[in-house]
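Two complexes come next, and they have one chain in common, chain A, joined by chain B in the first and chain C in the second.
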Partner chain A sequence: MSAMVSVPTVARIAANVFKESVRDKVLYSIVLFAVIVIAASLLLGQLTAGQEVKIIKDLGLAAISLFGHFIAIFIGIGLVSKEVERRSIYALLAKPMSRAELVLGKYCGLVSTLTVNVVVMTAALVVVLAIYGATVEPQIRNTWEAPAVDPALATAAFLTLVELSVVTAIAICFSTFTSPVLAAAFTVGLVIAGQFSADLKNFEHIVDNHAATWLLNALYYVLPNLAPFDVKAQVVHAQPVTPTYVLLTTGYGALYVSALLALATLFFSRRDFK
Partner chain B sequence: MRPGRLPIAPFLAAAGLFVGAAAGLQAMRDRAFGTDTPAEQVLYVQSPEVARRLALSYDAIAADVYWIRALQHFGGQRKATTQSKNYELLFPLLDMSTGLDPYFNIAYRFGAIFLSEPKPGGPGRPDLAIKLLEKGIAASPNKWQYYQDAGFVHFWGMHDYPGAAAWFERGSKLPGSAWFLKSLAAVTMAQGGQRESSRLLFKAILESSDNDWMRKDARHRLEQLDAMDAIDSLRKVVATYRERGGPTPVTWQALVRAGYLRAIPTDSAGVVFSLGPWSGDVSLGEGSSLAPLPDTPVAPPPVPTR
Partner chain C sequence: MAAIETTGLAKDYRVGFWRPRPYRALHGLTLTVESGEVFGFLGPNGAGKTTTLKLLMQLIYPTAGTASILGRPLGDLEMKRRIGYLPENPYFYDYLTAEELLGYFAGLFGYKGADRKVRVDRLLDEVGLGAERRMQLRKFSKGMVQRVGLAQALINDPEVIFLDEPMSGLDPLGRKDVRGLILRLRDQGRTVFFSSHILSDAETLCSRIAIVAKGNLMASGTLSDLVTAQRNGWDIVIDGLAQAPAAGGALRKVTSLAPGRFVIDAQPTADPLDLVRALTAGGGRLVSINPVHDTLEDLFVRQVDQAAGTDRFGGAEPMGKSA
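Presenting the complex of A and B:
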């Protein structure tokens, strides 16, 4: 098998995946539901004694992240396994493309879909915030920690997108060598573990055993650390999220995705479809 | 219509009919057996740290949920009958909310006011209010508003005026703090417990608060202080009237006719003050939204000597 990757081929596969996702009614339902949840935050905010903007932002950003995870995991694991189930993988592999190109194309296609979804959901959130902001008296607006339509929301949405790119890569990686159910379980497990990986680093203060400390440290660096992608609370409370932080976190995400895609390509290349 | 495709209208009508019938049956069952009473409020997760972990990256939204629960709990208990008032979940809910979102400014500030509210309007736990504010200060050491609120709790909830003055003083030293904290510290130290110092405190909150609810609360308390002043003046008027041989039973109408008052006195809520016809005592009228009035502030503490 050739290890070379042709960018136009990858782009063609990605475009196809994107078109397929856009036609998928499930995806529309998820995005529509997320938009409804974001809009409903306007009502929920009324229950919170003057915390409407915080609630709208919290709920909106949480909806973007949660529904983004649904899309990344459940469509991500299906990208390869569906082709195998439908036996269309034989036709695909017969075409002049490498397995690496197929994996990369599928990944890029889903990330493009996720980008569009995150942009749509963020736009819905901004519209809801703008509507709410316009109805509030200026003296109350002046007391908010951050303006209703805050450019920092884009930072939170962007880092969520980078996190979703990592989650998609995890889902695709697992789906290249195991069944969809197991791939979903492993991905969900790793995503949850990714929120706690910082704890592994802290174990060195509790555990005396050198070998165990070394192992836990190794796990800290090997497992995905997804917690740094979450800057929702900082953005809502107008805490600074510096460009350096965003750059370093995005860089970490990009490198982790590269590692996962390399593994996914390896597993997929060795898979026997007979 | 394509063959095999079913028509929409009859199915929608049938679904509507079934839902209507189910609702009718439910109403019948409720009439016969009563509706389910809501379960007693339970806090399944007690540790903010555990909750933070369970919430994964959705800790901020989980904090909002606990905050809404705290508001509902406080509001629900305030409305409950006096015998069944139970605020025991209020602090744990606020602790959870602020544990999940350590920068949840309003949860600290409102929470402290709720917790220090005396019984039966609140749990009467100024100690827990201070604990909550200290947690807020640990998260945001430069938030002077928490110092102001802690001073308020000492002043209003504990009647500890030197303690209140100390908090105001500490707050006044923070960068960007409000100018009036220094005056509040001085006035509280000198005349703590006098009605005028209470008035100054609430005026400061009214002018400085960034929240509509807190401003409304401060306005309400200022109106209560005005009502207390009015009651004192009216008591004096009634006493003068009786000293000068005014007939008993004494009524507002009689006082107006005799020229002691221009009109029948009402509080800021428009409710006529109550006048004991035999005792001559004046109090808030029945149904006044200003009731219950706070405890009459105690005499100023002695100025500490070194």
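Presenting the complex of A and C:
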């Protein structure tokens, strides 16, 4: 596929997607996030004793993931389908580009938006935590399992971004061959299933039927396994997340994204735009 | 070398929800457009014009047949660098300004920096949007969007330009501007392939035309060939006749202009010399005799009627029902 793909063309399409996100005020979600985290930290500071930092970290990382999922799914499904519905794709595909470049450009554009979102939200979380940490008395600070500003937060944010890249690829893949409503339903379904797909592996110990075991095993390998990307609990409780784990999980995400984008390109390349 | 060539190009769509059936929108279109021509692709709504253009742009894939543009197969990226396309009722990203949109499209052709800016500015001025270059497209009227569409179709100085209903949405001044633009492109030696159902535009602009109806190519050629070839009668004026010649046979209609002076509409198959001889035999004097030719509108209406009334042109029917 690389021989068919022009990197500058993909980059230009991606830049346009990013511009669309900015103009459509998608990045306003960052402001909303900052307000939630600051308000939560002020409130929790009044209510909890000794657990505030853990709760702020947990809430902050969960909010980053939740906002990211909303953007990845609901903008992801519209990236290609909106072009088709509004017929802006007609003039675009007459330009010197392949359909694969369009799919890749759209994908990279949304992942860029998500990257900016995750980075700025994480930075906002760190700032809130730093301010909170500086205002707390040393004897309370000494009871914390991890410092307020913990580099492990970056690891958690990074793996969230990898997860969002997989979710974006799922949304784009569905949107290349079905309607936006169905694409949203399928993507949400697959993302939820992806949180629990590891459990499918355990069914072989409880299910006796050979065919059912085979089917569940097949589903286990086909469905995305999104649970490993979530290391919030480890980070909040100061448990180690090793570089090898991060590398392997990222590798799995990259492979899954590649497969989904190849599939999306295949569907999209065969499609008639009536 | 032909700028555009299609051979037996056909397209079926599947219609129906529960039991989809094929519907043939285009029947084996074979057409050649030479370089430097302004080619009018005419037909009523639903004739297959947009389907043909979408096939040429590879927005849809043919069921049968082949086509090439500038000697290269459809979808070839090098060929795409040398063509421009204005879709019917175009829509562009309304969050961009006209300048940004053209800059984006110019970037896809690899234009950068000053070259890109000069190109964008020149084209916006050319289509009359120089003053609105920094306005977001969501604030544009339909006619302004059409003008941006024309500009984006020309961003790469294309050798072949495909325009799908280029006059759509334009006011009379806008249409005049577009006609001027197409004529300038012709003078620059570009090939222009445009679809339209506005016949006066075709008469003003085209060196050759094709008429499609119900997915069939009904006629193609130069305007003068098609219209002149379709002689549909003789117009004879005779003076000095004591009484009006009887209508019937070769004489379709006789109308009195003044006492003793008549205009006679004769069958196209009649020999003009025989007609004049017979009409002047009773003492009449020939004032004039002229062949009556079709206008483009006559030709268009006849071809469309023929497509509608003949079983073999079963474009509107699901396949299998047509002969």
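We take it that the second predicted complex is superposed on the first by the 258 of 274 C-alpha atoms of A that agree within 3 Å, B and C clash if a C-alpha of one lies under 4 Å from a C-alpha of the other, contacts with A are read in each partner's own complex, and residues count from 1 in each chain.
By definition in this document, a contact is a pair of C-beta atoms (placed from the backbone, for glycine too) under 8 Å apart; a residue touches a chain by one contact, two chains touch by 3 or more.
Predicted, not measured: the structure shown is a model, and the values here were computed from it.
Three-chain overlay on chain A, with chain B and chain C fitting side by side and no clash.
By the touch criterion defined above, A:Ala123 lies against neither chain B nor chain C after alignment on the C-alpha atoms of chain A. Within the superposed three-chain model, A:Val236 lies in touch with chain B and out of touch with chain C [touch as defined at top].
In the overlay built on the shared chain, the residue A:Phe273 is in contact with chain C alone; chain B does not reach it.
Seen from the C-alpha centre of chain A, the directions to the centres of chain B and chain C diverge by 150°, a value given as a multiple of 10 for the model superposed on chain A. Contacts of A:Ala134 after superposition: neither chain B nor chain C is touched. Of the two partner chains placed by the overlay, only chain B lies in contact with A:Lys54; chain C stays clear of it.
Once chain A of one complex is fitted onto chain A of the other, the partner contacts of A:Leu226 are limited to chain B, with no touch recorded for chain C.
Of all C-alpha pairs linking chain B and chain C after the chain A fit, the shortest spans 14 Å. No residue of chain A lies at the contact with chain B in one complex and also at the contact with chain C in the other.
Within the complex formed with chain A, the chain C residues making contact are 13, 54, 57-61, 77-78, 80-81, 83-87, 89-93, 95-96, 100, 104-105, 107-110, 149, 152-153, 162. Chain A contributes residues 44, 47-51, 54-55, 58-59, 61-62, 65-66, 140, 143, 145, 192, 195-196, 226-227, 229-230, 232-233, 236-237, 239 to its touches with chain B in the complex.
Per the touch definition, chain A reaches chain C in the complex via residues 8-9, 12, 16, 19-20, 23-24, 86-91, 93-98, 270, 272-274.
Across the interface of their complex, chain A is touched by residues 53, 56-61, 63-64, 67-68, 71-72, 101, 103-106, 110, 210-213 of chain B.
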